[in-house]
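Following this line, the structures themselves.
Two complexes are shown next, each including subunit A; its partner changes from subunit B in the first to subunit C in the second.
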Partner chain A sequence: MESNDAKTVPARFNVGDRVRVRDLPNLFYTRTQMYVRGVSGTIAARTYEDLIPEDEAWNRDEAPREQYYIVRFRQKDLWEDYPFDNDTLQTEFPDRWLEPVSG
Partner chain B sequence: MPSRDELRQYYEIGGELAPAVHQHQDWPYEVPHPRYVAYMAPPHDVGGQADAPVRYEEKEEELWELNTYVTCEVLGWKGVWNSEERRRRGNNDLGLSLYYGLPYYGRWIWSAARMLVDKNHVSLTELLDKIAEVRSRYGKQ
Partner chain C sequence: MQHSHEHDHGDHQHPAAPMVDEITDFEVLEIAVRELAIEKGLFTAEEHRRFTEWAEQIGPAAGSRLVAKAWTDPAFKARLLDDAVAACREIGVDWTEPTGSGTPSDYMNLRVLEDTPTLHHVVVCTLCSCYPRPLLGHSPYWYRSPNYRRRIVRWPRAVLTEFGLNLPSEVEVRVEDSNQKCRFMVLPVRPAGTENWTEEELAEIVTRDCMIGVALPGPSRKSDDIRPVHKASRPVPGDHQRAEAGK
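What follows is the complex of A and B.
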């Protein structure tokens, strides 16, 4: 699947940026969990550029690559009754699943 | 050929795997929104689901599981599919009941067979004949 002439969408986020996971509908396939939709977190790392799952799953191998990020959430932001304040959860998304959080 | 008793059992299991909606509905012309959202979630999105505790068990892979893994990866190296998202999408396409009902690598091999038929690398009739041949070679019904 590696292709040198594949386009890459410019990365929009850097480590430390606040981001919110977009609340897109579920239809057929995604790797983006329901429990993170609409929740804000912090970019913990920029990992690699690759096809997004929604394209790769239908062999759209020429689709543009996107930057992937590891986003860190507070467990309490994900699960209201989570008992420990300092615990976090990290999971990974391509650029298009994230939107900037201002302020 | 299955006995009539076995046949009845297969249909009964199928009925038991249908969604258990504990509300009266004539026919699901109207699906309540929360149920619709739950239906549309890909089956692999299990984080946050309630479940009973499971006993942790160290276990080696069975030979058929290793063979399945290698088959799926080789199909990827050959460029027939990608063995990550395309294979995983096939796993999810089983639907909730079968996704949760089959072993992990059972979902993989189902997806590989389905993809090979979808892409016309093998016809469904060829596949059925081959499975029947292998079954008779091993003396199974």
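What follows is the complex of A and C.
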């Protein structure tokens, strides 16, 4: 966090944008849970810029920073047969794990 | 393995083994690093013991004060929701040095989740046990258990019911999976019946579980309440009876 000269990948999303969690391969380490992959949600907050876990786990401190986002999902979209319409779940991702959902 | 006592008495084929699990890799690592640090002179065994004793006493008191202040001071609540790490400094919690030992918190992105009459938050870390320790101390055992971590995201209402918390279906239950570098604490709704209470009195009803989101604070449950007495169904003669006779 102290090395301000590190590059930052331009943030692609804003609060309210619809996004889908990508299902990238797990290369040794990730913090993107399996249960959210391929599911669409809405950006609830832009949090901070930092290394991604996949680089940080290997002390790749010189790797570019990415914007992190809190994404809100409908529980009904995460789990088949979830019985309560209004319930939600939020969790956090760096930019590369998300892709835009059109429409 | 089932053994019949009648047959195994005096049989030494199965020596007694301690009823403990194997030590984990992380425990081995902790011991190795600690012993190396002591040999290198970074700290003594006595200093390590003192720090451990202190660390294990950290409680959720700071979080309780934060909630009570937010309930009584709308301007503070606005600052808390805007920048929680900065607001923590106002109650004497510095996330850059929460332990007093010069070590910063692992990450310094605290977000306070405000409950409303129609929105209830509950916090989990499905990947490990991320927890706002500068405010709530060490996480409870169940918070780190795979049972809680797996099920609260999938069946949140059923798990909350197991904690004795039944929420009506009109209330949106929002699970916050703390999987990255944000840490979360719930700001519950101030319960009715606490209208004229002081900040100090309010802090007493904000327990740890209320700030994780598996319980709601209530005016009838204070930390210094007299505990309910559950009488034994087959009391020892003279036990409860004697205590009652003495009243």
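Convention: the second predicted complex is superposed on the first by the 102 of 103 C-alpha atoms of A that agree within 3 Å, B and C clash if a C-alpha of one lies under 4 Å from a C-alpha of the other, contacts with A are read in each partner's own complex, and residues count from 1 in each chain.
Everything below uses one rule, namely that a contact is a pair of C-beta atoms (placed from the backbone, for glycine too) under 8 Å apart; a residue touches a chain by one contact, two chains touch by 3 or more.
None of these values were measured; they are calculated from a predicted model.
S.K.: Scan A:26 for contacts with subunit B and subunit C and give back first, second, both or neither.
M.R.: first
S.K.: First (subunit B), second (subunit C), both or neither: which does A:84 touch?
M.R.: second
S.K.: Just subunit B (first), just subunit C (second), both, or neither: which does A:13 touch?
M.R.: Touch status of A:13: no partner.
S.K.: Quick one: classify A:53 as touching subunit B (first), subunit C (second), both or neither.
M.R.: Touch partners of A:53: subunit B and subunit C.
S.K.: One more residue to check, A:70. First (subunit B), second (subunit C), both or neither?
M.R.: second
S.K.: Going by the contact rule set out at the top, does A:97 touch subunit B (first), subunit C (second), both, or neither?
M.R.: neither
S.K.: By residue count, is subunit A touched more by subunit B or by subunit C?
M.R.: Touching more residues of subunit A than the other partner does is C.
S.K.: Considering each complex separately, which residues of subunit A are in contact with subunit B in the first and with subunit C in the second?
M.R.: Touching subunit B in the first complex and subunit C in the second, residues 31, 33, 35, 53, 79 of subunit A appear in both lists.
S.K.: Which stretch or stretches of subunit C touch subunit A in the complex?
M.R.: Residues of subunit C touching subunit A: 109, 111, 126-127, 153-154, 156-157, 169-182.
S.K.: Which residues, counting only subunit A, touch subunit C once they are in their complex?
M.R.: 31-33, 35, 45, 47-48, 50, 53, 68, 70, 72, 75, 78-79, 84, 86-94
S.K.: If we count contacts the way the header does, which residues on subunit B are in touch with subunit A in the complex?
M.R.: 37, 40-42, 45, 47-48, 81-82, 84-86, 88-89, 92
S.K.: Spell out the part of subunit A that touches subunit B in their complex, as residue ranges.
M.R.: Within the complex, subunit A contacts subunit B at residues 1, 25-31, 33-35, 51, 53, 56-59, 61, 79.
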